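Should a chain be cited, it is by its letter among A, B, C and D, assigned in written order, with residues numbered from 1 in that chain.
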Amino acid sequence: MTSVAFLMLCAAALLGAAALAIACARTHAATSMVYGTTLAITVTAALVSIAVLVGLAAPAGLVLPIGLPWTGAHFRIDALSAFFLAVINVGGAAASLYALGYGEHEDEPHRVLPFFPAFLAGMNLVVLANDAFSYLLSWEFMSLASWALVIAHHHDPENRRAGFVYLIMAGIGTLALLLGFGLLAGADGNYTFEAIRAGTRTPLTAAIVLVLVLIGAGSKAGLVPLHAWLPLAHPAAPSHVSALMSGVMTKVAVYGFVRIVFDLAGPLPWWSGALVLAVGGLSAVLGVLQALMQDDTKRLLAYSTIENIGIVFIGLGLALAFRTNAMEAAAALAMTAALLHVLNHSLFKSLLFFGAGAVLVATGERNMDRLGGLIHRMPVTSFLFLVGCTAISALPPLNGFVSEWLTFQAILLSPDLSQWALKIMVPAIGGLLALAAALAGATFVKMFGIAFLGRPRSNEAATAGEVDRFSLAAMVLLALLCLITGIVPGFFIDAVAPITRQFTGGALPLQASLPWLTIMPAATSESSYNGLLVFLFIAISAMLAVWAIHRFASHAIRRGPAWDCGFPDPSPLTQYSGSSFAQPIRRVFLARTSATHEEVAMPPPGDTRPARFSLAVSDPVWTWLYLPFAGAIEFASLQLNHLQFLTIRRYLSLVFFSLVSLLLVLAIWS
Amino acid sequence: MIISASTGVIAILVIPVVAAAILAALPGYRISARLNVLASGLTFLASLSLFFGDQPVRGPYLFVDDLNIAFIVLNTFVGFTTSVFSASYIGHELDSGRLTPVYLRFYHAMYQVMIGGMNLALTANNIGLMWVGIELATLTTVLMVGIYRTHEALEAAWKYFILGSVGIGLALFGTILVYMAALPVVGEGIGGMVWTVLVSRAAQFDPALINVAFIFLLLGYGTKVGLAPLHAWLPDAHAEGPTPISAVLSGLLLNVALYAVLRFKILLAANPGAIAPGPLMVTLGLVSLLFAAFMLYRRRDIKRLFAYSSIEHMGIITFAFGMGGPVANFAGLLHMAMHSLTKSGIFFAVGHIAQIKGTQKIADIRGLTQTHPWLGWSLVIGVVAIAGLPPFGVFMSEFLVVSSTFARQPVLAILLVFGILLALGALFQHLGGLAFGEPTGSIKPSDASYVPMVVHFGLVLIAGIYLPATLVAWFRNVAEILG
Amino acid sequence: MELISALLVQMMQMLLVLAAAPLLTGFVRKVKARLLRRRGPPIIQPYRDILRLLKKEVVVADNASWIFRVAPYVIFATTWVAAALVPTFATGLLFSWSADLIAIIALLASARFFLALAGMDVGTAFGGIGSSREVMIASLAEPAMLLIVFTMALVARSTQLSVVADLFSTFGVGLRVSLGMALLGLIIVAIAENGRIPVDNPATHLELTMVHEAMVLEYSGRHLAMIELAAAVKLLLYVSLIGCIFLPWTLAGPDSPTAAHLAGFILYLGKLAALGFMLAVFETAIAKMRVFRLPDFVGGALMLGLLGTLLLFVSRSL
Amino acid sequence: MAYGLSFDVAHLLAGSLVLVSFLMITQHRLYSLLNAFALQAVLLSASVAWQAYVQHAPHLYVTAFIALVFKAIIVPVGLHRIIQRLGIHREIETVIGSGITMLVGMGLVALSMTVMLKVTPEADPLAREDLAFALSVVLLGLLMMVSRRNAVSQVVGFMSLENGLVLAAAGARGMPLVVEISVAFSVLIAFFVIGVFLFRIRERFDTVDVQALDRFRGERR
């Protein structure tokens, strides 16, 4: 059986699991049964796709007599789809494992269980699809399933609103993609990817397609300014689903972008790369700034997803720019960076969402300002969460740093670009990337520091307990993967080499052959990085220090009250809160924007009431883009609505006028 | 084949008439409801026999070609399922005292007459006969819309009646004009009204005359299709009549009227000198789509909501046929079939919901998925399907319409997409409240049968994923006929 | 044999930075005192402090977690490794290729990450102040530093410090406006990162102005020693970074004779002294800034970095 | 001219139908309106009868008879009754001034002429003229429906519209189903009149309140 057939079977099995879940959603064993099944399926699917990626199994195609008549449903697996399938299914497996424990806390499992496997199946099918119709069908099916998961906790009107916004944005995205495919397929409707690849089109047409795909895939991936749904929808879902949506579904969008732009669209004008770069840089910085302002753990993570997607798109934009300048090696480097970041982000973002979910289970709180001191109550979770924070803050020796390092290396090749606009632009984007990285560090210092360190700010936080084994197992798995990807990135770079060879014509030098598992971006450049050695250095020198001190100096420890310059205050409320931690950066970066609105209610002298400080952080995109649009539609519908309340005579006059006007048209025309 | 096509044609015309006669005489609603189902079922089987029928029928009055087989099979099927639904529906109406047995007798008789009228309109080869059939169907629906005899019902019926009869007048004038155009070519007598003859000789007709004729026919039948700005009767008629009638209106009558428009479109297309019918239809279609999409937002009555969504979809279908070409026509046909099935299915669900909750106000219906999982989730599925989301059939047709249009007329395609998006937003805005959130109103379980509903949605689901090759081939023939 | 000597050089380098760091700190303090007409503590005072701290027992706040106790070692280790990767007196060290300039910045960033976390661990108001200000400064200093790195890397076509140093030591590069800007920016970043005046005053515990001190307020004993040492190493790192990039001519090549290494070593000490002196003069000449004036100061570095990168293209095209 | 006389007579009758339509548009009082309509019905039956004679189509006589009896006598009388019942006999109920109505009417006639005279003269001239007139009668009837508030006068408008249809149908030589159609329309009109009876409480279309319905549905905002 060919690999693709097997993977299709896996998708079918997932759909079967969904049906099974519908059948027995209300029984007691349903949760463990469903998640167990999905775990098994996703693990096998992941193994197969990895096998395809490293070349153990052959790429293959498959045509089913379903879907669009006279085209049929085409499915295919090549290096690119294999890579993304691996990402999807690893994430899916982790989520299933996590949900084995987490799912038990679900109030209405029958609103989650059927859609979870369907969601996974949808994502797998998107990546496997090889014709426009199957692609869009699976794409929208994926959106639909995730929508159902977003409104699983439907009693909260916020979640319903989130679901609504999400569905609208998904619709916009799908229709944009649909238009794009319409343009690619042409009037005579060649919807198979082979036919589209074969077709020839002008660079301008390709650029229009690029813009449409940027809207279509970007709205799903959460690129600014199409991101507004994401911080609403991702946190609304159950945490393991949030992890899938943030960590994996956004990657499916990236896949769509790569597939259409790099594979199908054909030659592009040079400025297309600049466009993608701009959008990516914008998303990276705005996303992380917004993330830093959030006090809701899961919403913070959602915004940081926007940032990381921005980083990925910076890589893709670079790849595009280099490719249009026929710099294969550089393009390969940029694309490798992007793909590696896709993998890394899917790992640590899932890990972090799992952590947030664990906190949610333990305390029932998503608001940081009611957490604190959890490192004492749930040590294992805190440690794993710390690993995730370090990884996402791009700190060596973990994996987040590797992909950003590669991106920087790609940026450093920009002087060879021939267009001045790009020459000037790329380093600036690099600056944005650096800014985003620094702010990400700040963001996760805040998150970990406020939620896990310090003293508990609420009773729930004070009495929290460690979560179940399955959840911990899932987090341990992901944390290990983060470490491995961080210290031996060479293998992963070699794994994605076939993809870059396929779409950019170049590839990085074989990394596994380099001494000490070093990675080297390009044969020419003398830059190199060795995660393993750095890791060992840090470990050894830390050990050394510890050993030396405990050997030669005192190792006595005395516990005492906090010193705090002599004025320790017992109330935990005197600790820094999330918003106060973010205040300096808020003042530096957002002071002049309309994004934040602070106000202090200071009682008059003699009044004993405490002063009140209130802060409102709003996403400018809402105020400047979405609300006006919604308002316009509201207005139009209000005006047109009067037509519902006319008298019969007026309706008759409508008929009369349309008749007369048509006759007039006739009299004038023919 | 046991029964040949011709007998099939006779059957689908005779069965309803006979059934109507019997039902008019028959007291007791249980038996008559069963008989109603039986008759509709038989009609459906007879229409299937048309599908398999060997020799095509080409009489001066009746004829059968792929185009109207498509419509007949669809109509009789939906008519059948609707009769099943209505059997489980009216019982409740009787218990709640909204209908008396006398009216029920009348209702069933009218139901059959309507089916018969539609079949007549569909099988007619004679444009005069087609006119008669459509008007018959319209008048019967007028009576059934007013059947509750409430203030509002009578208002709606009256509105429908006035606008309908004006439409009738215009359509007739158009028909006469067509005859006049044929007169010099075909000669006096019946020949001038036989569609097959007309279409064969259309090339020699006087362009100016059939232009005028087409405008009158477009407006006259367009009133029945519910195209804006001729739509005014539609929302109220849907909202006030018994729900089976709403289902039938959306699922059948609109299609039949559209069928008439298509016939004359073919006629016009056959004449080189005449204006192109396409742009007119495209314009009307887009206007209806956008208008209805905006109107959807402020609806507070659930049946009106879906009535407007019918206008929207009729707009899309008219647009597709107006664009023409094999792909667009195929999409139009598919969309029409999918819309009939889905919309009537939705009305089945809505009927039960309204009966349980005792109201049609959207604001008073909440959290259905919690209190009535079957109804609630069916409603969700229905809305998902009608909004054009996969894996349902409407998605496929909209995919084809949009993608094929964008390659030819980008601006139109963008308008189309905008309209679809607006409608999607409105539908889900309302759905969020209907299906989810804290339940309100009565939570008593419903004893109705969900079979028709489930069957419809099942078919739509299957069609969205897999269309049988024969069906496809057949639709493509029809698309060819439509040019 | 070859490997052994290389390894030896590497070891020497690591020990050297460790040994020289407090000396530099002491030296700067001494010079500052002198400039203020004070006698000031002896140069070796930092060694004494650290040793004394090492001898003392540590007092750990009741609700401090393991982070609080692990952080000092992590901070020290990362800083040390980073410093060890900067060529001090010789380039092409054994492990220099294992991490480039970007990695060095990232290592320092992780040190800061853990320092900030440690500051928030006990849950005191001051810890929060320190951490939040620290990350604010970092959010400006890090991008500035990276842009400066771009400027140099675009000239050297590599981010590997040894390569950069080798290239700059041959006069092939020539004088460039953008490199000047990079130097200026680097100095500003160095001041900000090491919490020197005007950004922060290492000698004060005036609550509302302190940044670094506020974070380590709860530390005592060997933990504090580790952190102090790390701070000193960090200062040394930046100084020798400036040294090896902008005064690279004294660096001994990878395969140069031992004499060259020796010369490089002496000259390196000279460089440290000179730069330390300049730092002291600068610090005495200028006043501490208000916290929210800092963005303008550090942001200046950011601007310089970006401008340098862009001017690079102009000067290249000439 | 083979059928010169027949042509002229038909022409004359058709033209006078249009004239009467104009007359009806300008009538303010319902009674006079009804009388005008009765006159139109008579003229219609005359022209239909003439067509029957010219085309040697006896079945058209039936149509003419129906027109005469039903439209010229029964309906007007019935409407008289209604008017008396409702006591609306001396109401002026035009929406727009009669002058403007006249102008619009002129415009409509002109429009129908221009549209119809595009038809190639080779086509049967009688049919052509007839259609032009019929079209204008139809349009004028529609104009009347939209320019009057009163249910009765709307019924009248609809009937004159339908007169135009019958005129056209009769003009179309050898057209089948004419009789059936006229019968069907008589039934429609009967519905109309009955409807007006039913709705006698709210005798005006403008106040036949669909708003009530919207209020009931709570969609009035």
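We take it that contacts are C-beta pairs under 8 Å (C-beta built on N, C-alpha and C of every residue); 3 or more make two chains touch, one makes a residue touch a chain.
In this text, all values refer to a predicted model and were calculated from it rather than measured experimentally.
Trainee: Using the contact definition stated above, find the chains touching both chain B and chain C.
Mentor: Touches both chain B and chain C: A.
Trainee: Which chains lie in contact with each of chain C and chain D?
Mentor: A
Trainee: In terms of CA centroid distance, which chain is the most far removed from chain A?
Mentor: Relative to chain A, the chain whose C-alpha centre sits farthest away is D.
Trainee: Looking at chain pairs A-B and B-D, which one is connected by more C-beta pairs in contact?
Mentor: A-B
Trainee: Where the CA atoms of chain A average out and where those of chain B average out, how many Å apart are those spots?
Mentor: One centre to the other, that is 44 Å.
Trainee: From the mean C-alpha coordinate of chain B to that of chain D, what's the distance rounded to whole Å?
Mentor: 31
Trainee: Report the inter-chain centroid distance for chain A and chain C in whole angstrom, where each centroid is the mean of the CA atoms.
Mentor: One centre to the other, that is 35 Å.
Trainee: Between chain A and chain D, what distance separates the C-alpha centroids? Give it in angstrom.
Mentor: Chain A and chain D have C-alpha centres separated by 69 Å.
Trainee: Can you list the residues of chain D that touch 2 or more other chains?
Mentor: As it turns out, chain D has residues touching two or more other chains at 115, 118, 142, 145, 205, 208, 210, 219, 221.
Trainee: Send over the residues of chain B in touch with two or more other chains.
Mentor: If we look for residues of chain B contacting two or more partner chains, we find 158-159, 162, 166, 208, 212, 298.
Trainee: Enumerate the residues of chain A that touch no fewer than two other chains.
Mentor: 641, 644, 646, 648, 652, 655, 659, 663, 666, 670
Trainee: Return all touching chain pairs.
Mentor: Those chain pairs satisfying the definition are A-B, A-C, A-D, B-D.
Trainee: Touching residues of chain A toward chain C in the complex: what are they?
Mentor: 372-373, 375-376, 379, 386, 390, 393-396, 401, 405, 408-409, 411-412, 415, 420, 423-424, 427-428, 430-431, 434-435, 437-439, 441-442, 445-446, 448-450, 453-455, 516, 518, 524-530, 533-534, 537-539, 541-542, 545-546, 549, 552-565, 568-569, 572, 574-576, 580-585, 587-588
Trainee: Could you list, by residue number, the parts of chain D that touch chain B in their complex?
Mentor: For chain D paired with chain B, touching residues are 115-116, 118-120, 122-124, 127, 131, 134-135, 138, 142, 145, 158, 161-162, 164-165, 168-169, 171-177, 180-181, 184, 188, 191-192, 195, 198-199, 205, 208-210, 212-213, 216-219, 221.
Trainee: With touch defined as at the start, can you tell me which chain A residues reach chain D in the complex?
Mentor: Touching chain D: residues 641, 644-649, 652-653, 655-656, 659-660, 663-664, 666-667, 670 of chain A.
Trainee: Note which residues of chain A are touching chain B in the complex, please.
Mentor: 65-70, 132-133, 136-137, 140-141, 144, 151, 154-155, 157, 160-161, 163-164, 167-168, 171-172, 175, 178-179, 181-183, 185-187, 189, 191, 633-634, 636-638, 640-641, 643-644, 646, 648, 651-652, 654-655, 658-659, 662-663, 666, 669-670
Trainee: Applying the document's contact rule, which stretches of chain B touch chain D when the two form their complex?
Mentor: Against chain D, chain B makes touches at 128, 132, 135, 139, 151-152, 154-156, 158-159, 161-162, 165-166, 168-169, 172-173, 176-177, 179-181, 183-184, 188-190, 192-193, 206, 208-209, 212, 236, 239-240, 298-301, 304, 360-361, 363.
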